[in-house]
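After this come two complexes, each holding subunit A, first together with subunit B and then together with subunit C.
Here is the complex of A and B:
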């Protein structure tokens, strides 16, 4: 088990849920749920509990429904993994690798 | 995982298209996205050569992509259109002033003339002032009614034939659902039409009628288009929000739920007849258009006049006093000649004319 670096970006209005933070480099365990490799599911769930609290003063903990729906990212929020639609990468099952670039874009804002 | 684009079979696929499920690479995505919009324009004969077309520009994702694509297709396929950007300044500090900055950058990037029409100029009230008067309950009614008419008036000032808006397939699906829930039969029939024309009014169309929101946002992201995405500070927009959440959930299960065609109302059903507002000359199915009644309410200190029981309130408070300011008559709008950025000056000449007109 080791640490992997991941770059998170928020745009299209998503950043508003994160105190206007547009980018955040985080380090997470390569195996949040040993012995399995860390997946998007782990990241997204972890979002709700630890990372988010650190980066946005509990903002999302109060209104997780703005980001989450059931166990997944709310429909209407696009996710790209290394500039690729996460629907092509297995969505929640995707295994996160060191150096991954993950972007969350809201389609729900403005227009 | 090797996953080539289903169109070129060479590059790696980066987008899954919601409409077709196709996995496509970036270049092929651009190509199909743009070409589908071109086909929509051609199949529906939206424009004629040398039409003057105003792009309704808010600085948001849809209108920013629309401006980009309209300019690109106009050049690529030689539509021969003269394009303009038309923005409405509702007067919302901290929201519209910021998004108008985005529109001004778009104006530079796309080299299109920009006309900004403000609520203050047209109605004598900014949304900031209206919200102070009416609170946060019915403010969206004022804003929506005023915007629709402001766009048409801006189009007359620009002397254009046509307004295009960035309404996409998802927006239209939301509107259909909302009209069903409200039982608004007349709008239910109209709201899916790709092109509408009011009497003596400018054509209005939606080149993105068949374009999914997801693809618009993906396109803007990959092309690094500059757009503004803050929620309006006055609008929780709860009703549309619920429709939106419901449709996004449906889309996950069956993406084709988003695309729909018009509901046709049987010929026997009596629909309101479109006429003209006797006060300002704008199209209306009543004696007075909604904007005139709302404005009268604001100017008389009766903000509820246009919201609830208008007739009953008129019985109590009487008819409009003669010196109340009204909207300049539609037939008297001056065409601006090249000088488009005069939005912030209230037009004193028109204010005077109003008072003369009222007899």
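Here is the complex of A and C:
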């Protein structure tokens, strides 16, 4: 088991959920759920996400519905993995690799 | 989640493509999925810009053939700073700069003004609208100005509360405001009290509207009216708004739910001349919010975050917010939802019974003749059994207040025709909005001016009716 580096970016209002932090480099285990490789599901999963983003001032913990909807990211939030639409990368099934650049963009401002 | 199931609801749903090549150039690896089509970055941008240009060209050709004879026109961009209007600003700039070298030597638009309305007042100054004290927000004007400076266009930064400025009227100097009391729906024309700041007036108005739906609706129309008046004042023939197709489809459904079906075709169309001297164009009407998000990310366009009053709230906070949630969720499962609604909505044409004179004095949209009568017929304002018990009656005071509106309206029917009843001058939806006020409110000068106009119109009409019987024409009627 090793650590992988991931760059997370938030924009379009998403940053407000994360204490106004627009970019954050984090290190996560390459296998959060052994023996499987770490996927987007592991990253985005409600519990891991708040643990991973220690920076958020609990807003996300209190109001996970602003980010999550069921097991996945709320509709209206656009996710790009290395500048590629995550819907083409298998969404939650995507296996995160070292150096991945993941962007979350809120596209409509209701949420 | 990621595979769309075939259901009986939608027979044409294709499973998302397994191939990951761009469907356009068929060589590059696809990076973007828009509805059912995959594109590479280059082709995506090409298609995206193409859609925009098509819309702008269309509106230009229409107006050229009408009156301009090929000369460019002066336009105003309504720029919120959000992603969609950010893209619009950039694309309008590219279009206007690039064109002279292409088809003709003339610029499409001779002059472009960018106008921004700052809404931060809604979140500051102890407004009850802000849910979170941390949400208190700085003015957006500086941030927006920074963006606009990159383009060399004149910039107008306005504050929403200045809608109470006497200049924001047809005549440009109408200083009266309109006071509306709760219990008897009586209106008073007041000289503006300079002691009360515009901010207080606006907050008083919005804080006394108890429903978030109504509040949100109000803010939108105040903004729209302000933009129209500003465009007119600056001699702009066209107002460009950045509503994208996701936003429009949400509007189509929410406006219908709010009872704005009558004016819906005017409010969601890509090009409309309802405001006569200012044409509203929505060049972004065919772009999804997802496309805009990706385009801005790929091209590095920086937009600012403009919260709405229901931001960060529960999806059921208002009709608009609920509709947004509903449509986005549906669109996730059925990626054609937004475009189907938007295209169906685009087929709507304004009703033949729309008359230019019947303009709601608050939202400036048309109202249906006699809508008050059918509204009264279809609305239950009170549960009949409650009428008997006084105590219950007191609890139902809010609905009582509302009924008294109608009683008042009824009694006024017999009065002289020059007497204009405020409630008669509203469209159905604005009347519903104003039914939920808590205390007396002050409406901006442009509304007061609307009432005055209507009165003098009525007087003129009456004079016309009795013209033949008048002995002396220069009576001071």
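Following the convention adopted for this analysis, the second predicted complex is superposed on the first by the 101 of 111 C-alpha atoms of A that agree within 3 Å, B and C clash if a C-alpha of one lies under 4 Å from a C-alpha of the other, contacts with A are read in each partner's own complex, and residues count from 1 in each chain.
The definition used in the following text is that a contact is a pair of C-beta atoms (placed from the backbone, for glycine too) under 8 Å apart; a residue touches a chain by one contact, two chains touch by 3 or more.
This one's a predicted model, so the numbers in the text were calculated from it and none came from an experiment.
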- Does the subunit A-based superposition show subunit B and subunit C clashing or fitting? clash
- Which partner does A:66 reach: the first (subunit B), the second (subunit C), both, or neither? second
- Message: Looking only at subunit A, is it subunit B or subunit C that touches more of its residues?
- Response: C
- Task: Answer with first, second, both or neither: which of subunit B and subunit C does A:107 touch in the superposed model?
- Result: both
- Could you tell me if A:80 is touching subunit B, subunit C, both of them or neither one (first, second, both, neither)? both
- Mind working out whether A:93 is in touch with subunit B, subunit C, both or neither, as first, second, both or neither? second
- Between subunit B (first) and subunit C (second), which, if any, makes contact with A:27: first, second, both or neither? neither
- Query: For subunit A, which residues belong to both interfaces, subunit B and subunit C?
  - Reply: 11-13, 16, 69, 74-76, 78, 80, 83-85, 87-88, 103, 105, 107-111
- Within their complex, state which residues of subunit A touch subunit B. 11-13, 16, 69, 74-76, 78, 80, 83-85, 87-88, 103, 105-111
- Query: For the complex, which residues does subunit B have touching subunit A?
  - Reply: 3, 12-16, 23, 58, 60-63, 99, 166, 170-171, 213-214, 216-218, 221-222, 227-232, 244-245, 248-249, 251-252
- Note on the structure: Interface with subunit C, subunit A side, in the complex: residues 11-13, 15-16, 63, 66, 69, 71-72, 74-76, 78, 80, 83-85, 87-88, 90-93, 103, 105, 107-111
- Query: Which subunit C residues qualify as touching subunit A in the complex?
  - Reply: 1-2, 16, 20, 30-33, 38, 41, 82-83, 246-247, 250, 289-290, 292-294, 297-298, 303, 305-308, 310-312, 315, 320-321, 324-325, 328-329, 331-332
